[in-house]
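For reference, the structure discussed in these notes is given below.
Order of writing sets the labels: A, B, C, D, E and F. Residues in every chain begin at 1.
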Amino acid sequence: MIHYSEKLSWTEFHELANEGAIGVIAVGAHEEHGPHCSLLTDTIISNALAERIADRISGILLPKISYGESWSVNDFPGTITLEPETLTALVLDIARSVKKGGLRALIIVNGHYGNMSPITLAARRMRSEENYPVLILNFPELETIAKSICESSPAGGMFYHADEFETSIVLAEYPEGVKMEKAQPDYPEFPPAYGETQVLISSFNPVGVFGDPTKASAEKGERFLAAFTESCMKIVNDFQKTL
Amino acid sequence: MIHYSEKLSWTEFHELANEGAIGVIAVGAHEEHGPHCSLLTDTIISNALAERIADRISGILLPKISYGESWSVNDFPGTITLEPETLTALVLDIARSVKKGGLRALIIVNGHYGNMSPITLAARRMRSEENYPVLILNFPELETIAKSICESSPAGGMFYHADEFETSIVLAEYPEGVKMEKAQPDYPEFPPAYGETQVLISSFNPVGVFGDPTKASAEKGERFLAAFTESCMKIVNDFQKTL
Amino acid sequence: MIHYSEKLSWTEFHELANEGAIGVIAVGAHEEHGPHCSLLTDTIISNALAERIADRISGILLPKISYGESWSVNDFPGTITLEPETLTALVLDIARSVKKGGLRALIIVNGHYGNMSPITLAARRMRSEENYPVLILNFPELETIAKSICESSPAGGMFYHADEFETSIVLAEYPEGVKMEKAQPDYPEFPPAYGETQVLISSFNPVGVFGDPTKASAEKGERFLAAFTESCMKIVNDFQKTL
Amino acid sequence: MIHYSEKLSWTEFHELANEGAIGVIAVGAHEEHGPHCSLLTDTIISNALAERIADRISGILLPKISYGESWSVNDFPGTITLEPETLTALVLDIARSVKKGGLRALIIVNGHYGNMSPITLAARRMRSEENYPVLILNFPELETIAKSICESSPAGGMFYHADEFETSIVLAEYPEGVKMEKAQPDYPEFPPAYGETQVLISSFNPVGVFGDPTKASAEKGERFLAAFTESCMKIVNDFQKTL
Amino acid sequence: MIHYSEKLSWTEFHELANEGAIGVIAVGAHEEHGPHCSLLTDTIISNALAERIADRISGILLPKISYGESWSVNDFPGTITLEPETLTALVLDIARSVKKGGLRALIIVNGHYGNMSPITLAARRMRSEENYPVLILNFPELETIAKSICESSPAGGMFYHADEFETSIVLAEYPEGVKMEKAQPDYPEFPPAYGETQVLISSFNPVGVFGDPTKASAEKGERFLAAFTESCMKIVNDFQKTL
Amino acid sequence: MIHYSEKLSWTEFHELANEGAIGVIAVGAHEEHGPHCSLLTDTIISNALAERIADRISGILLPKISYGESWSVNDFPGTITLEPETLTALVLDIARSVKKGGLRALIIVNGHYGNMSPITLAARRMRSEENYPVLILNFPELETIAKSICESSPAGGMFYHADEFETSIVLAEYPEGVKMEKAQPDYPEFPPAYGETQVLISSFNPVGVFGDPTKASAEKGERFLAAFTESCMKIVNDFQKTL
């Protein structure tokens, strides 16, 4: 059962906190995902997963953070990027408040690579300064799951962006966020020293797609969500043992 | 027509920007609103209004900010409060990005008193540093509209919180966010020098209600939204003349 | 009796602190007030009021802060504006020090609208972090008092700047700060969506006057100060009950 | 002739700026100066000097900053200390504003040792970021002048604080700021490694006096001010040649 | 040929810059590496590699940064950890200066996992704000190289810390930094949800070793350095093509 | 005996800490020192001195900080300058860590004038926030020692930079850091109001030398180091009495 904080009054929140409820929150992004896929793709995906996790642990689902750290695509119209310091501060303020409000722990379902460092920094400060447990989930077992579901392979062997995986989940969760007729595969050639330099993606991938979204389907999206729910719940179960 | 950014790809966003689209975003709060009303009340209300304004101007509706500056009720379980610096940074990052993405202007529909200063500071910096127009709407004509619709009067003559006004809109927009059986009026006695000192509301209003929510109805909520849409559109029309 | 800190040594300050003395400080501005009125108008007015309040409560009058947050007139020569963060830090450092020095509370007499948010933020942090009481006075009952004394009405129905009210007090307190021969009324037409956008005042009011200073007199200034002293003391008396 | 900004309207300030006027501002401190001498001693002295310099160059005298960086005596009741970052920000905001307002340069008359670093940092940023000239005067030729006027010698050979020098100037400028009957000499033994460690002065000098204030007189104060005016003007004249 | 900046005067630096020289700098850590291995292990390794790279490209070798971000082992005596903001600022100041000094690019040889985010943020800001190229090398092909040289396997399948790899290089480069008689293998059991939570390593690995250092030898260290030099130079060559 | 932290494992560091060891660290600069002398001159000198002090007290010698605050020569190629805030943060992070690691105190050997304020601020915060003793050594008795050893006199009567004193120590400690054939004396004429304004040294001293390095010799360098070791140890001995 999901306890959406949007449905709760403070007294109801208080009761759930007293019963040991854990908070769950998705952090996504508002950034280009090719000509066919929603700007909110990462937000849609992470929130879908956050709902499933909250459901399993009867957690309180907090409103998603729809904006993330999107430096590498910041020059695409439609991308809205937060400075890493802003995202760290935002997560830290939220974490401090849910601790004060009595939640036993906070689980962050992250849907975007760029968010990892800023969120981790916030989580570390919650540990050091408040000794408060924060779990961060970054699509555990992504490679294995993608390999088992996708027909196409990821660009550059490891980049999943606006591709079969992401497009499938948006098709499953928010079909109005996909225009399949605009989907097209793109396996860009990565520039020299790509991983070690700070390159804007637009310079070699002006379309904003890594991989092949034409193979996407809502059915695959459901399978992805089911698989990630299991891979996440293994970690969540472990986490709960430490509380 | 509302252009939800959640439905847009970056190329679609780009086209709308080229046609002169304006961005619209709601900023709410995640804070106590009595035992009967949603923690997200201010977010629900501001986003409902933002939708109506985006619809009128065929604007791009950006994902709402569900967390705000809620210092004065920060000790109620369920309240999640941002430091003002965090909210300023968040709004500034978003505004810089939409400017970079080509939107002609940004309209912020604010649903919470505590957000006013941090948002205004961000808007001023957009003006000074980037010469970018940002409009902030704070429930224009609130007193007049409330007087014309409500049966009850506001607490302390001017405080509207979890009352007939707010509860009515949540009933209209998100009925699962209200439990009318828990609604109860509260006209607290304000402590001496209330407005001039920094007092936590819990110290004199432990229930978290200002006014009489028992008079609320969805029908009144619809009337409120219609009236605010008009009061806002007068300003939006003026604003558009300055662009 | 006013205890000017300028006349006190630290041992005398210490004795007064031990007897329960309260600190009083004015925060003004250094900004344009038309061609006839002192750049320090807000500082002169707030300090005049701070003196009267310190006198009534035998408080320690701290040196005034002569600079404030004056973004909206920052392009007039002579305006000196502080970033809001600077003003918050300044007030916070002072408040922490007087708490450490043993004063029972701090009363801030604010003479300028733009200072309200930065000062309030400092006061909140004193409450949250140090549980220290800070009272902020912003010309209580201004509208009523102005209506009872002034012959002219305020510009835009609510803006008092370099007008009959302010000019009168400067005439009373610091006559060398006014050149009545340069005084001229100005009732500018406010631009569309003035309150909701971030507009520099110079763009529609190049003279820097809101209202009619030609009706000003020192005698009215005295009446203003007397009236504000009473409206402030009601609040100060309430505040003292909470200490 | 001194142009007090307090007497100026913005149009008058503008005219003076157009004629090439320079701004002059004193930065003092609000800190213990023994049982006999004003908490504002450093402010009184630096402002007295700033007036004389403004007079010589027909400069615009800005309102003094009465608070400074007083870490080393922060535990004496009555000391109000600013964080160095606060003082840097304050001076920087003022300098940026006077540059924007058209003043040709800014002269800072500093009355307190602890202020030197924070003010210098602000001045450097004005040079690097805005290429704006700022002169900082720190009692030039202090040792020589003190030797020629004082009967007593400084504590530790070099520390002048609440002593014959400072007390004399306060006697000359603001006699109500001195109670000579409480004055007493103090030549504390400085703790080992005093200059190289961070020691609060109270730990070895609980009275807060360095030197012998009993030798002070208003007449000596006048001589001090006259001498410093000359030592400063040599530098100011040099400075003016670089503008 | 290595151009140690320590051997250069500014005129020599200037000439090299004019000839197109690139700067090379190592960033290490000062943190526990078991009972047998130097606190500076990561610094020693990264600087050894930086020397070899500088040699290949006739670069200017800047003084190493011996301190890094070591949160996860901050409670071991001897660990000195920088806040990530400090490290970002430090790298940014250095990068701005070498750009100003005329170096064509900066290559950062990073020897410690925790430094990656702070350094990357600095590099991104150099790209966005100054359009300056910064290359960051994080032991490219580490897994492959380690597999080909080491007899032992890494702890947890992927953690190399004070193990055969690191100890070997210190033996080769700075033998007085290793006491082999204290070396002992440690393959700790990682706590549940280790990667997703913020756990101090001391809680499950009080000795501070991941893997088996007893297999280390100076000869292996040389082979490691040779192999990394090649894996790095592939990237450096690619990088130089982009300049 | 010097305990280089580079040679220590954490367990060895821990034992020394338990025995009461003190940390010693040099802070230098990476800035122009004329056409003949190393960019790292201040670092070389301060570290040489730090070694001698660590040796006398059997302290733990931490890795030197090779970069400092070099604003006044920031436009010479080869100068790398830190913002003062960066240097303060760096020293503060290190000091907090050594306190946490159990060292009894920290001694900072500073080799560069510009570092004094930023380091002092860090030391004050260690005192105020952590009550931790930090000693800062700034070439005690410099004038006396220089007068007794040097044949040449300092530029401007008090500026020692790339001169006989500094060049001699580099000759003694790191002879490859000096090219005597490029050494040339320079006694620049200081611009008007030099000490009171913020002037880049390049504007009147394009060569970057203050004084006469041609008189330098390694033998004098040894005498300098011996003399400073004694002048420092007097203070260190005093400092140790306060612990």
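As a convention for this text, a contact is a pair of C-beta atoms (placed from the backbone, for glycine too) under 8 Å apart; a residue touches a chain by one contact, two chains touch by 3 or more.
Source: prediction; values computed, not measured.
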Starting at subunit B, fewest touch steps before arriving at subunit D: 2
Same-residue or different-residue interface between subunit A and subunit E, half as cut-off: same
Chain of greatest Cα-centre distance to subunit C: E
Chain centre separation (subunit E, subunit F; CA means) in Å: 26
Whole-Å gap between the CA centroids of subunit D and subunit E: 49
Inter-chain centre distance, subunit D versus subunit F - centres from mean C-alpha coordinates, in Å: 30
For subunit B, residues that touch 2 or more chains besides their own: none
Graph class of chain-chain contacts, one of line, ring, star, complete, other: ring
Sequence of touching chains round the ring, subunit D onward through subunit F: D, F, E, A, B, C
Subunit D-facing residues of subunit C, complex: 5-14, 17, 30-40, 43-44, 62-64, 66-67, 74-83, 85-86, 89-90, 93-94, 97-98, 100-102, 174, 176-177, 179, 182, 208
In the complex with subunit B, residue positions of subunit C that touch it: 71, 84, 117, 120-121, 123-124, 126-128, 133-138, 140, 191-193, 196-198, 235-236, 238-239, 241-242
